[in-house]
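In C-alpha cells below, several structures.
Across the two complexes that follow, chain A remains constant while its partner is chain B and subsequently chain C.
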Partner chain A sequence: MNAIEINQITKVFRANRNKLDITALNDFSLSVSKGEIFGLLGPNGAGKTTLIKILLGVVYPTTGSANLLSEPITNYKIKSRIGFLPENHKFPNYLTAEQTLKYFAKLSGVNHSNLNERIDELLALVKMSEWKKTKIKKYSKGMMQRLGLAQAMINEPELIFLDEPTDGVDPIGRKEIRDILIDLKERGTTIFLNSHLLSEVEMVSDRVAILNKGKLLKEGSVKELTTSEEIYEIETSNVLPNIYSIPEFSSYKITQENDHKLSINVGDDDELNFVIDQLRKHRVNIKTINVQKNSLEELFVSLIKDSRGKE
Partner chain B sequence: MKNIFEMFKKDLIRFVNDKTALLLTFLVPAVLIIIFGNIFGGNGGSRGKANVIFVNKSNTEAAKIIEEKLDSSKSIRLIKKYRIDETDSVTDFTEEKAIEYVKAGKYAAAVVLPNDFLSDTSVTMSIKYYYDPRNEIESSIIQGSIQRTVFTQLPQIFPSLLTRQANKFLGTEEGEGFRSDMAEIVSDYFDVPKDSILSFTSKEITSSNFLNESTDTSSESFIDNLIKFDSVQLVGADLKNPQVTRIVGGWAIMFLLFSLTSIATSLFEEKQEGTLKRLLCMPVTRTEILFSKYLFSMSLGIVQLMVLFLFSWVIFDVDIFTNFLNLVIVIIISASAAVSFGMIITAHAKSLSQANGIATLLILVMSAVGGSWFPTFLFPDWLQVVAKFTLTYWSVEAFQQVMWRQAELSAITLHLLILIVISIVFNVYAIIRFNKGRIF
Partner chain C sequence: MMKNVYILSLLTFREAFSRKIFIFFFGVSSFVLLLFSILFLTISPESFSDITTNSVKSDSFNLTIAHGIKLFITIPLFGGGLFISIFSVSNFIPLMIEKGSIDLLISKPVSRVQIILGKYFGGTAMVFVNIAYLIIGIWILIGLKFGDWDTSFLLTIFTITFAFALLYTLVILLGIVTKSSVISMIVTYLIFFIISPILASRETIFTFINSNVLKSISEFLYYIIPQTSELSTITSDLASGNRSLNYEPLITSALLMVIILTSAILIFRRKDY
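Showing the complex of A and B:
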C-alpha cells in the first residue's frame, strides 16, 4: 500500500516575455510505501520544494497526477490526515505556542474534547512545555523548529512532510528530532523528509530518491544505494609484497596505499574470501579488515556530477 | 565627494528599480494634475455643464429670449423634458414634476418662468428657482449663471419696468408727467435731447432689444430690485451642519478604500512570512481563505465607518440617526465594494509593493473622479461619464442621498445594486484568480 503515488508530474513555470520558461519537474514519478521514512535529496533548485508544494496543493502541476493516502491531491479534505513542516516556516508572532497549535488543530478538524491534552503532550515531546504561554516573537530558531514539528503532528497525521526539520537545531536537538521521527515511524506514520543534511537523511530514512533539475536520478533503499560496490581496507602486520605483480589480483581494482595497507573493490563475500586466501598464500599477516561503504554523500556528489557532465 | 557620489548613484539605482516609487513619484501626480486641470479648466479644457430643469410657463417674447440665452449658456444645460417610464414617452416638465425631480436628487435645480413672468402690465420680472444645495459650489454656479444670464439681457427692459412702476404708484397721467420731468432733468445735466430719452424709456420689450444690447455689471444691483428671483430650497434646509454632511460620505469611502485595500493586500505579507503557504496545506479551500479575509475586512470597514459617522455626529452635529437604517445599509454595501476592490488588486498584483502602488494610484484617481473631492458636475462631460465607472461615484452618491436628502431605500436602489454588482464581479474574478494559483 502506497502513501504517496506520483505519476509523471511535470511542472513548468511560465516566464514573462524575453525570459525562458522554467521546468521545475520533468515527467517525475515516485512511490512511497506506507509506514516508511522517505528522504528526498537534491541540490538547490532541483525541484524538491516544488514537488512538496504540488503534493500539498500549494501549486498545481502542469501535467500528471498524484495520490496521497489513496486520494487524489485535488481532494483538499485529505489534508486533514497530513502534517506539514515547511522550510523556514513562520507563525504569527503575536500568538503563543498554545494558541498556534490550537489554531492549526482547529483548521485540521481535531476533536476539541482532548485538544488541550494533545497540545500538552506534543509540547512535552518537543521539549517546549515551559514556553507554552510565551509569544512566538521571543522564540529562537531552534524553538520555532520544535514548535513547527509539534504543529505538524497536532492532527495525528498518517503522513508527514518535513522540509528541513533539523534546520537551525543544535546537535542534541537533532538527535531528539531523529528519535521523534523513529517513534512516529514505529507508530505507522509515513514520513517524507526533505533535507540538505545527507547524513541526517541517511541515518533515519528507509528509502531515498535523488532529484536534479526536475528529474529522478536514483531511487532505492539506503542500503542499496550505499553498498552496490564495497571497498575493503586491509591492514597487515608485515610488509606487503608488490601486490600489482600478483597475477590473481589482476582482475580487481586494487590500491596499495603503503607497505602495510591496501584497499580492494570486491563484489561479494566469496570474492573477499578469495582475496584473503591469496594474501595468506603470499605470507601476508592480516591485522584488520574494514569495509569502506559508499556514503550517501559520495553517491549524491557523484550522481550530480555525472548528470551535469551529461548535459 | 567620491563617496557621496557613489552613495547617490546607489540611491538612484534603487529608486529606478523600485517600480512602486516610480509610479507614486511620477504617474500619480501626473494623473491628478490632468484631473485637476480638466476640472478647473487650467489646461484649456472646458468645464462640464450643470443640468438644470427649465419650465417656461410664460408666452411672452422676453421669456423666450431668456430661454434662448440660458440654452446657450456655457455653465448650465437646460433639461426641459422627462421620460415617462409607463408609456416610454418623453414630455415637457411641469413645475410640479420639476419640484419632484429636484427633491429626489435627480437634478440640482429647476428654473420656472411663471405665467406672470413679465406680462404687459408687470412692474417686476418674476422667476422661480427651486434648488437642492447638495453641493455648495454647484448650487452657487447654477444660481449665478441664471442670474447673470437674466441680468445681462435687461438693458432695455428696465426703463419700461421703471415707467410701469411709476405709472402704477402715481397713476398714468402723473406717471407720464414724472417721466417727462425726469427726462428734462437728465437732458439738462447730460446735454442729451429730451425726445431721445423719452423714446428710450417708452420702448416696447422686443427680441431685438434683448439680443442687441447689453448692460454693464454696475447696473446689476439696480436691476436686482426689478427682478423677483423667488428661490426655494427644497432639500437640506433643516440640516444642522450642511457643510460636513455634504463631504463626510466622500471622505468616508476614500478612507475605506485605503484601509480595506491594505488588509486585502496583507495576503502578500502572509505569503512573504510563510504563514499563507502553511494555511494552503491545511484542509481548507482557497475560497475559504479568501472569504475569511473578506469577512474580516468587511467587519473592520463597517466599524471604521460607524466610528467615523459617530464622530461626525458628536463633533459636528451631523444628523446620522434620522435615516440610520439606510445609512447602515449604504455603509455595509460600500464596505463590501471597497473590500472587493482590494481583493481584485491583490489577485492581479505580483507583489506587495506592486499591489500598494496600483492601489494608491487607483484610489486617488477614483476619489478625484468619483466625487469624493469635488462635485462631478464640475468635470468635462467625458469625465462625468468616466466617473460613473468608479465605485466611489455610486458610494458617494448613495451617502449623499441618505444623509443629505434622508432618502428612502427605493431612491438608492440603483446605487446599491451597482455597488453589489461591482462586489460580486470583483470577488468572483478574485476567487477565480486565487484558485488558479497564480498569485502563489
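Showing the complex of A and C:
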C-alpha cells in the first residue's frame, strides 16, 4: 500500500516577457510505501520543494497527477490526515506556542476533548514546554523549528512532509529530531523528508531519491544505493606480495592500497572465491573481507556531476 | 465549510487586534465617549435652552443639538475611521501570501475560498466592533441626555461597516494581485478620497464641460467604482434622522462587493505560491 503515488508530474513555471520558462519537474514519477521514511535529495533548485508544494496543493502541476493516502491531491480534505513543516515557515508572531498549536489543530479538524493534553505532550516532546506561554516573536530559529515540528504532528497525521526539518537546529536538537522521526516511524507514520543534510537523511531514511533539475536520477533503499556489490576490500594479517605480478589476477581490477589492504572488482561469488584461493595459495593470511560501501554523499556528488556532464 | 471560515475569521480578528492601530482606534473611541460623558454631566439641556430665543421650543432644540452631535461623530468616523481601518488591514493579504505562511495555511484541510472568506469576515468584524462601540456609546449618551432614542442613528454602524466591507474587497483583490500593501492602500485611498467624490458630483461637473464621451466614461466609472461618497451621504442622512434614503448606491455597492470579492477568490484559487 502506497502513502504517496506520483504519476508523471511536470511543472513549468511560465516566465514573464524576455525570460525563459522554468521546468521545475519533468515527467516525475515516484511511490512511497506506507510506514517508511523517504528522503528526497537534490541540490538547490532541483525541484524538491516544488514537489512537496504540488502534493499539498500550494502549487498546481502543469501535467500529471498524484495521490496521497489513496486520495487525489485535488481533494483538500485529505490534508486532515497529513502534517507539514515547510522550509522557513512563519507563524503568526502575536501568538504563543500554545495558541499556535491550538489554531493549527482546529484548522486540521482536531476535536477539543483532549487537545490541551495533546499540546502539552507535543511541547514536551520537542522540548518547548517552558516556552508554552511565550509569544513567538521572541523565539530563536531552532525554537521555531521545534514548534514547527510539533505543529506538523498536532493532528496525529498518517503522513508527514518535512522540508529541511533540522535547519537552524543545533547538533543535540538534530539528534532529538531524528529520534522523534524514528519514533513516528515505529508508530506507523510515513515520513517524507526533504533535506540538504545527506548524512542525516542516510541515518534515518529507509529509501531515498535523488533529484536534479526536476528529473529523478536515482531511487532505492539506502543500502542499495550505498553498496557497491562488486568491489571487495580484503585486509590481511601478513604483508601482501606484489599483487600486480601475480598472473592469475591479470584479468581483475585490483588496487593495492597498502601492504595489508587491497580492493578487487569481481563479477560474482565464484570469482571472489577464486581470488581468495589464489591469495591463500600465495600464503596470504586473510583477516577480513568487506563489501565496499560508498556514503550517500559520495553517490550524490557523483550522480550530480554525471548529470551535469551529460548536459 | 463555515467552521473553517469561523476559525480563520477569529485569527484575523486577533491579528487585527494585535495591531496597535486598532487599539488606538478603540482608545480614541473610548476617549470620545468619556469626553461626551463629562460634557453631558457638566452641562444641562437647560443651559443650552438659555441661549435660545423663547420662540424655540426646548424639545426641538435638544433634538437639533442631538443631531448635531451625531453628525459631529459620524462624519469624521466615516472618513477617519475608514482611513485607519484600511491602513490596518492593507497588509493582511500580502503577509498571508508570504512564503512560509501561505504554504502552512494551504497545507491544512481548508479550501482557498475559505481562506479568503475568513480574512474578509475577520477584518470586517473587527471594524464592525470598533464602530459599534463608538456609535452605541454615543447613542446611549445622547438618549440619556436629550431623550433622543432614534434608532436610525444605530443604522450608521451598518452603513459605515458596509463602506469598509466594500473597500476591503478592493484591498483584498489588490493584495492578491500585487502582493503589495502599499499599492493596495494607495489605490483604495485614491478611490475613497478622490475618485468617488468626483464621480458622485459628476452631474455638477458636466454642467461646465460639454463632452458626451467624458459623460459616458464617467457614468460607466460611477457604476464600477465603489460609491463611497454616496454611502457617506446615506450615513449622514441616517445620523440626522432621515430614513427616506436612496437605496440605489447600497444595491450597486453590494453587487460590486460580490463581484470584486469573487474576482479576488478566483485569482487566488488559480495562483501558485
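Definition applied: the second predicted complex is superposed on the first by the 281 of 311 C-alpha atoms of A that agree within 3 Å, B and C clash if a C-alpha of one lies under 4 Å from a C-alpha of the other, contacts with A are read in each partner's own complex, and residues count from 1 in each chain.
Please note the rule applied: a contact is a pair of C-beta atoms (placed from the backbone, for glycine too) under 8 Å apart; a residue touches a chain by one contact, two chains touch by 3 or more.
Just so it is clear, the structure is predicted and the values come from calculations on it, not from any experiment.
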item: Fit or clash - chain C, chain B, common chain A; value: clash
item: Broader residue contact with chain A after superposition on the shared chain, chain B or chain C; value: C
item: Which superposed partner A:94 touches (first chain B, second chain C, both, neither); value: second
item: Contacts of A:114 with chain B and chain C, given as first, second, both or neither; value: neither
item: Touched partner set for A:273, first chain B, second chain C, both or neither; value: neither
item: Chain B versus chain C as contact partner of A:13, first or second or both or neither; value: second
item: Chain B versus chain C as contact partner of A:57, first or second or both or neither; value: both
item: First (chain B), second (chain C), both or neither touched by A:76; value: both
item: Offending stretch of chain B which, after superposing on A, collides with chain C (from 7-15, 43-51, 97-105 or 187-195); value: 43-51
item: Those residues of chain A which chain B touches in one complex and chain C touches in the other; value: 53, 56-60, 76-80, 82, 84, 86, 88-92, 104, 107-109
item: Partner chain A, residues of chain B touching it in the complex; value: 273-275, 277-285, 437, 440
item: Parts of chain C lying in touch with chain A, wherever the complex brings them together; value: 4, 7-8, 11, 14-15, 18, 98-111, 270, 272-273
item: Residues of chain A defined as touching chain C within the complex; value: 13, 53, 56-60, 76-80, 82, 84, 86-92, 94-95, 103-104, 106-109, 151, 161
item: Touching residues on chain A, where the partner in the complex is chain B; value: 53, 56-60, 76-80, 82, 84, 86, 88-92, 104, 107-109
